[in-house]
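Below are structures written as structure tokens.
Here come two complexes built around subunit A, the first alongside subunit B, the second alongside subunit C.
Right, the complex of A and B next:
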């Protein structure tokens, strides 16, 4: 319980400090208080003055940050500088697509990576290990955007591309972990006693590996969202990744800061869940 | 077998680095020269890798692009390693509030997804800039945000050193704090620093490729391995001129050879 409270406090602190840093970026970015509508020659002096008042940052630094954080807590991320649409609405429109592709891709990578790692650990063939490591190494050496190009050329779904980005990390880690467990004395003894391969695999190899695999599961969530940026841009998929890129090229910092905080929230939450699984398992074993 | 693989990887890396360094002599044309009468030219004796849609010689751009990427990634890795040495070293050496403050900052950066953080900070910096400035911005961006994992490793290494006998003896002999840190402690983290540097180089090569492909890295007309990959967007183009895959082949070779030639993480830990 204390662990959970500590982790939640860490999450809140991360979001608060992240929000403040985001506010600093918005405030200090060149042209932050300038509206491109000011270039419109048809606007009168009074309209221009009204626009400048609307965009001007509050005088005091403290009131600026307090106001920003207050609005953030209320779920108001401000308005997009590009479209004028509330950021919350834009995020709600785009999130489902990314959640779906990142979620399916995550599952595909885990099923594929873990299954292959289990197969290779069970077969214990050095040649197959080299082939597996070589294939994973090749995928690791490709920029995510290039995997997106392959998805674009072949017409496969974005989730397969996300899966291909995550697969080598999951496979290489699980493969090393399971290989190590297969070489442990208790597994050798179980083999010598004649226990079935399935029993050894499930109870003596896979089960002890669960805490480490849970930690990896938490860590790969962030990678799935990170991969969404180049993949969605290359595949022209209107999700959060493409939104992040569009906001970056248009210098739409309110959107970018809100997006970064949202993804940080998702990633940190998955980290906390993974940590809870780990500590729960450790306690039950102790 | 491992030594053989490592030597081969080092050989490939050295060849690519030499070719990139000698781009000024090897390239048939300047990277930004446009042969406007010959856009999208196929491979020929005059243009060994053909020309792009603006009529620029692909081989020249590949050589100069490799030079830019091979300058950018190690520079950013060096910056990140120096920052990590100072931050991680100070955290482990001083302990207490300095340690807590520095590591909280590091944890905050680590909590945010790398790619989102990278483009959020990149967007706050000027976008339409001179190619040279875009190169410098990319180096500072990657180095400035990529030091965190290395700093954590350095902190752990420094914590072990602080408790070591030779430092206790040096302190007892009257060695000053600055001398202890810079002359006795920091040089002993050399292996760890080298490991962090060689781990960062391939990561930054890939990060530059992704950023430049998205138009947020090295700006045109300066070539980099990342912005040269934009030619892969059209499958029709790739099918009709498979030679456009050359920058990808070079990038994959560089990243793979870096990882094979410098299994840095293991040695650093040892």
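Right, the complex of A and C next:
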């Protein structure tokens, strides 16, 4: 319980520090208070002055940060500099698509990667290991954007592309882990004694692998969101990944800061969950 | 039997593929749906599809033609306009179109608290607009001071309903917005109340709807065009144009030069943090003129834009038939003449490059925006051209906000390469750039009084032409402005880019022109494949 409280406190601290750094970025970035509309030759001097007032940073550093954090806690991330829409609305509109594609892709990669790793570990055929490692290596060497182009050409869903990006990482890690576990003396002895394959798999291979697999599950959550950026850009999918790209190229700092905080929240939360699983298992074994 | 089934299947599939919907892409989301606040091309696209105007500027004939106003009369030297309104017209929600809507729209545009860029174009002087409607089909608008080319400005004014509960969502254009998904698409349906009909009495628009996909990636946009998933590309870059020309020669068109221009200017602001000797170079007309003469504009057009551009003599493109000064030719490429000009001004070319009379090496940074490959190529070519004179250029690319901060706030730059996107053919569209007191006067903004006699002359000429109703007199004054700019070269105009578009050969009625919106300015007359036979206007 104390560990969980500590981890949650760490998460909150990370978000607060991230928020403050984000606010600093917004305030101090060159041209932060410049609006491209100022170049509109039709605008009168009065309109230009109004536009500048609208974009000017508020006076006073403390009031600026306090106001920013206050709005952040209330879920107000400000307005997008690109579209003028509230960032919260944009995130709410786009998040479901990314959650769906990244979530399904994550599941596909885990089901595929783990199943194949188990199969190969169970079969213990060296040439199948080579084939599996070769295929995974090939996928691993392909940049996510290339996989995105393949998805675009073939018309397959984005979740398959996310799955293809994550699959080799999960497969290679699980394969090595399970192969190692299958090669342990007590497993070999159990096999020699004729213990059932299912029992060996569940109790002597999978169960001991759970802490490492949980850590991998935490790490691949962040990777799934990372993969969504190039994939959504290439496949023109209006999710958070595409939004991140557009915000980066247009230097839409309020959107970038909100996305950074959101991804930090997701990654840190999954890390905490993975760590909790690992520590829970360690305690139960002890 | 099997043949029949296959034929039926093909028919169904082809019908699904063709549809009666026009499809094209916007590169970003529209920033506003408020017709009074439209400033970017994507918001303009939405208004162009959904809004109705009193008078339209025909992109083909470059003449005004009636829309919601069947006739108009400008008098009192451009202060008053009397508009005869079309009867029996309704907004998309069925609300009748009345004179009160016109008055409401113009009053709203001129509301000082709204800061509408369209409204600012109408702001002619201190005082109130007087709007009267003695008859339901007539509106008389009297402005406090003359508004030049008043009827031309009405092309940008999308009439809003004063009484509709839907407010700005009720439109008078050919389509109505049905669905908007941020970052994904905008769907428009035919406006059942649209007033326009063809010669056969058939209700326009021909298309049943429009699908605008938000597509920032130009490669993907091209791919979708090649696959037949979209029907139009409004502006192609030169590389993609040349690629598509090889693959689908019937689908592409080079419309010739548009109104936009690419140019370089030197920072002449007296308060800039530049060393005094650099300020001296940049304020020297001989230096600027010599730089201009050392630039091979034909090569810029050929190499940076693959020949899809024309050399520029000034701010007005040959596409602007009414205001282009035909007597002016782009500064001739003459590096020897430029060097002589510099030597007369005290510069010397030695083995280490060009130096000024005090021995300073002539070297400056050229800032431009990042993410524009054609502009980056232009910068590299400028670097090579000026190296022949012994001038060293350091190219600096910045993101747009940083660049704008430098050129409009801190004046912390030496020279800048940028472009103007012109949508207005009238000289008044250049007022905020050419007047010495203007914020957007690039080389030395916000001058309390003109820094040079020729800037004072430009100010006087621009203000004088703005107060004249006679087009010929205005042209004479604006020709003189163009000549002064050509002689003094405060801005080194480089080229006018051609408008490159792609239109599906399956479309009927498309008539692309180099004025925005190039491919769909006559959208109500464009028929997608699968639409019934259409008649010409």
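Definition applied: the second predicted complex is superposed on the first by the 281 of 286 C-alpha atoms of A that agree within 3 Å, B and C clash if a C-alpha of one lies under 4 Å from a C-alpha of the other, contacts with A are read in each partner's own complex, and residues count from 1 in each chain.
Keep this in mind: a residue touches a chain if its C-beta (ideal position, glycine included) is under 8 Å from a C-beta of that chain, and two chains touch if they have at least 3 such contacts.
The shown structure was predicted, so the numbers you read here are calculated from the model rather than taken from an experiment.
Within the superposed three-chain model, A:50 lies in touch with subunit C and out of touch with subunit B [touch as defined at top].
Touch criterion met: A:39 reaches subunit C, while subunit B stays clear of it. Legend: residue contacts after superposition of the two complexes on their common chain; A:18 is shown touching subunit B, with no touch to subunit C. Once the two complexes are overlaid on the shared chain, A:251 sits against subunit B and subunit C alike. When both complexes are overlaid on chain A, the residue A:259 reaches subunit B alone and has no touch with subunit C.
Once chain A of one complex is fitted onto chain A of the other, the partner contacts of A:233 extend to both subunit B and subunit C.
In the overlay built on the shared chain, the residue A:144 is in contact with subunit B alone; subunit C does not reach it. In the superposed pair of complexes, A:156 makes contact with neither subunit B nor subunit C. Residues 29-30, 152, 233-234, 249, 251 of subunit A lie at the contact with subunit B in one complex and at the contact with subunit C in the other.
On the subunit C side of its complex with subunit A, the touching residues are 28-32, 39, 112, 115-118, 120-121, 123, 181-184, 213-217, 220, 223, 371, 398-405, 408-409, 420, 424, 429-433, 438-440.
By the touch criterion stated above, subunit B contacts subunit A in their complex at residues 107-108, 111-117, 119-124, 126-127, 202, 206, 209-210, 213-216, 226, 229, 232-233, 235, 238, 248, 251-252, 255-256, 259.
In the complex of the two chains, the subunit A residues touching subunit C come out as 29-34, 36-48, 50-51, 82-85, 89-90, 93-94, 152, 233-234, 236, 238, 242-243, 246, 249-251. The touching residues of subunit A, counted against subunit B in their complex, run 10, 14, 17-18, 22, 25, 28-30, 137-138, 140-146, 149, 152-153, 222-223, 225-227, 229-230, 233-234, 244-245, 247-249, 251-253, 256-257, 259-260, 263-264, 267-268, 271.
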